[in-house]
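Here's a structure for you.
In order of appearance the chains are A, B, C and D, and numbering begins at 1 in each one.
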């Protein structure tokens, strides 16, 4: 059968947890520069809870796996990133619906829904120096890859690349949302932690394809 | 006329004020090691007030000059050293009485009365690592100098030398009075600030003889 | 890093355990999810007040739970907004049938998590109103930013809205009083040092021994501007000018002057700040008729302070003076 | 050195000016010589309570002037006992005809200066009794030493003796109650950092980032022992053991547990210390029936805390619970 299944989704989640754990200090350090220094701690707490939940559950669809991530992040992360990423996974799960496997089109829809969820809750626009600046280029690139005939794997790989560049591109930006906005001009010159962690999660999604 | 007069007493006071001002930081630093770090500040505040008082007064006897020092130190220094040194100058003034000039015998009586005043109020014994360890050797040396036929000048010079050695000798002592006693064994290895400042004042008394 | 803690991971729980043990007659502390409620919650017929946010600002919020102030406080991890679950549980625990007011400091995380909790509470038929506190003039406010932060003014909102609830105002009225306080309160802060978050173990920002940060928040965010240290009058002027101009406060206004310590500044200094601020108000012919000085909205072990002015009227004065009995603010009983 | 001050020389005066401005209904601040009295002093027929000592321990003592506690506080320079003059003036100002109690922390300077003031007051026909507070078990007591220091227990003496005076006890009785509190109170402290005295501008002692001082006083004196930092339970055990053994406190005793911050330790940590201390008492079957947590007897910007236990009986409980209205401690009115 074509497309990515539940194994992929679970592997994505595990890889996200691993990469967040590995980069916990880096993410908090980025947040220390322009925020309150807890982003790595927050996400790591959340993803460790996700892993614990995953051990006792056996989601039957990609959507179910992502819903588990969503509710766990919402109830364990707190801060700004908890509800924002939680909403992203929740909307992504809704987009995935009951499908057992996701093709390129479905993956693009999932990513777009996730991004829209972040925007709906956080009201940030592109260029505001937030995680949206990773997600929106990722969605755009995914759509282009799909239009160019790419499959789910190509779509995710394009999204991950674009998210990474998007995160890098936040460096010169002056923040207009989130804590970094309190710094005004002084926020320029630093990479947004939420953009970085989003890029890590999208890379994890792409890396998981090999196993999926 | 023989002996030391009011000029000597006033010069003593001014020299004490000068030497305390000069060594303010050193005295506080000694106090920082085994006390609360304010001894130089305390005495300097007191002696500056003494100088101000002296400008508006013209004591007619050595006793009157020392009484002015006593009341001013008591009302401006505070802490332990204020009442102790204040009492020393007060008892010294009482011993000097109305005399216009003080010979060797009178100077020895003055020093002994001052020392007795400190002991009466502070209840410290020799070896307790306090200013008494400067004053008692000074009094002893003064008495010996007198017995050996010394005049007021010789008496004060002996007292100043002995006070200095006495102060040095506090280094190995374990404090049993004053704040340094709270340190127990850890007080050993440091010079007592009150002994040092007492030695400075006695040296000032001796140096003032040249002018007296 | 040296702190009087067991483990950076258990700071909030351990502290709550101590808080529960120290104030048994005043509060109950629930665990999993963690929140603090008045010992007599829910109070029948009274509007319930719930506030919360990241920990590390103590006594805010748990220290203000009790008669005449909050019904519940929901502490998140250090400097991290709580999740919706404990907010929801606290909301249900204090609903005495008259609805619940959420007092939320304006941070993206706090607003989003309280929002979710309020939706969930509504779904369980608890009437919830929310007031967002944003008194910090250091931050430029606009539709296109996260807006102003909620800082020390939060205490004034909690005290005064708490008094309104205690006298029997309904939910809309309590919310209106809370908004009125927020509308009339302005704050700004200065930091001499940065706080050390337990799980980070290093200061939240680096600052030299002769510099200060003007316009800081309460989460170790750097401020708007870094300047050379100067004596207190200059620093206080830098806080007071934006505060005074913002409302604006004008001659013959009657105000509450609140000097708030950030946690590690000695009281002896806070009173010097008070003196400097009071002089500026005297010059401008602004009357100070109520005051508050102390560590109320802190940032762990940060040195510094904030100044808050609240424009008073007779109603606000009466509500301020009304009895309050909490761990950190108490009078009249 | 960065502090929120004008000038190291004027710290005490500037702070008193702010204190006067912030609490006009509660106190009057006299200058030259400097002291703080209750707004309604002297209270006719009531024993007057005067305490004082070096500044830098705020809210001690001025923060405890008011109904049910002190009638006057006499602040010296930072960490330096006041001279006799202001003590004498304060004593006269609060004598309502029933005599005056001096509450003196046991430091050579404080004892000597209060002694002189008491003699001078007696010469002016004011009846004075003195109680010396020496609750610090870190210091070995003997006839041949300066004896124990007076530390956080001072607040308990002031509160309880103040309540006895307020209920109308005569001078001998108030002094007896004060001595009873001192006899039953034991304290010990730990420091993580040293305070920075304004005129010194450097920490009072040097300590590395992984060491703590056990058995410290409140004037930046180093303690009895320096050890490696360890988690809170170990540190609290090191304070509690000497305290418990000293009185001794025994099973089924009823105590007040007081965790006092040294000025720069966040409240979140003080409650963790409370939790650790309460556990130890629970194990020993000692009942905690009253508690106090906060910064009451501080040492400028020192990080650390002290623990005080007071053995209670019905009289002490009633006096503790009696109304008090001061800047820093208030209940019942």
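We take it that a residue touches a chain if its C-beta (ideal position, glycine included) is under 8 Å from a C-beta of that chain, and two chains touch if they have at least 3 such contacts.
To keep track of the chains, here are their UniProt names: A, B = Dihydroxyacetone kinase DhaL subunit; C, D = phosphoenolpyruvate--glycerone phosphotransferase.
This structure is a prediction, so every number in the text was calculated from the model and none was measured.
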Starting from the Cα centroid of chain C, hunt down the chain whose centroid lies farthest away.
B
Distance between the CA centroids of chain C and chain D (whole Å) is 29
Taking each chain's centre as the mean of its CA atoms, chain A sits from chain C at a distance in Å of 32
Mind checking the centre-to-centre distance between chain A and chain D? Centres are C-alpha means, answer in whole Å.
55
Whole-Å distance, chain A centre to chain B centre, using C-alpha means?
76
Could you say which residues in chain A touch two or more other chains, in rising order?
none
Expected list for chain C, residues touching two or more other chains, is 78
Quick one: which chain pairs are touching?
A-C, B-D, C-D
Complex interface listing, chain B residues touching chain D
28, 32, 34-38, 41-42, 45, 74-84, 121-122, 176-179, 181-184, 186
Which positions of chain D touch chain B when the two form their complex?
54, 76-85, 107-109, 112-113, 115-116, 138-140, 144-146, 149, 197, 199-200, 204-205, 217, 219-222, 224
Listed in rising order, chain D residues that touch chain C in their complex are 1-7, 11-12, 14-19, 21-23, 55-56, 58-59, 63, 78, 190, 192-193, 209-212, 229, 231-233, 235, 257, 259, 263-276, 278, 288, 291, 293, 295, 298, 300-301, 303-305, 325, 327, 330-333
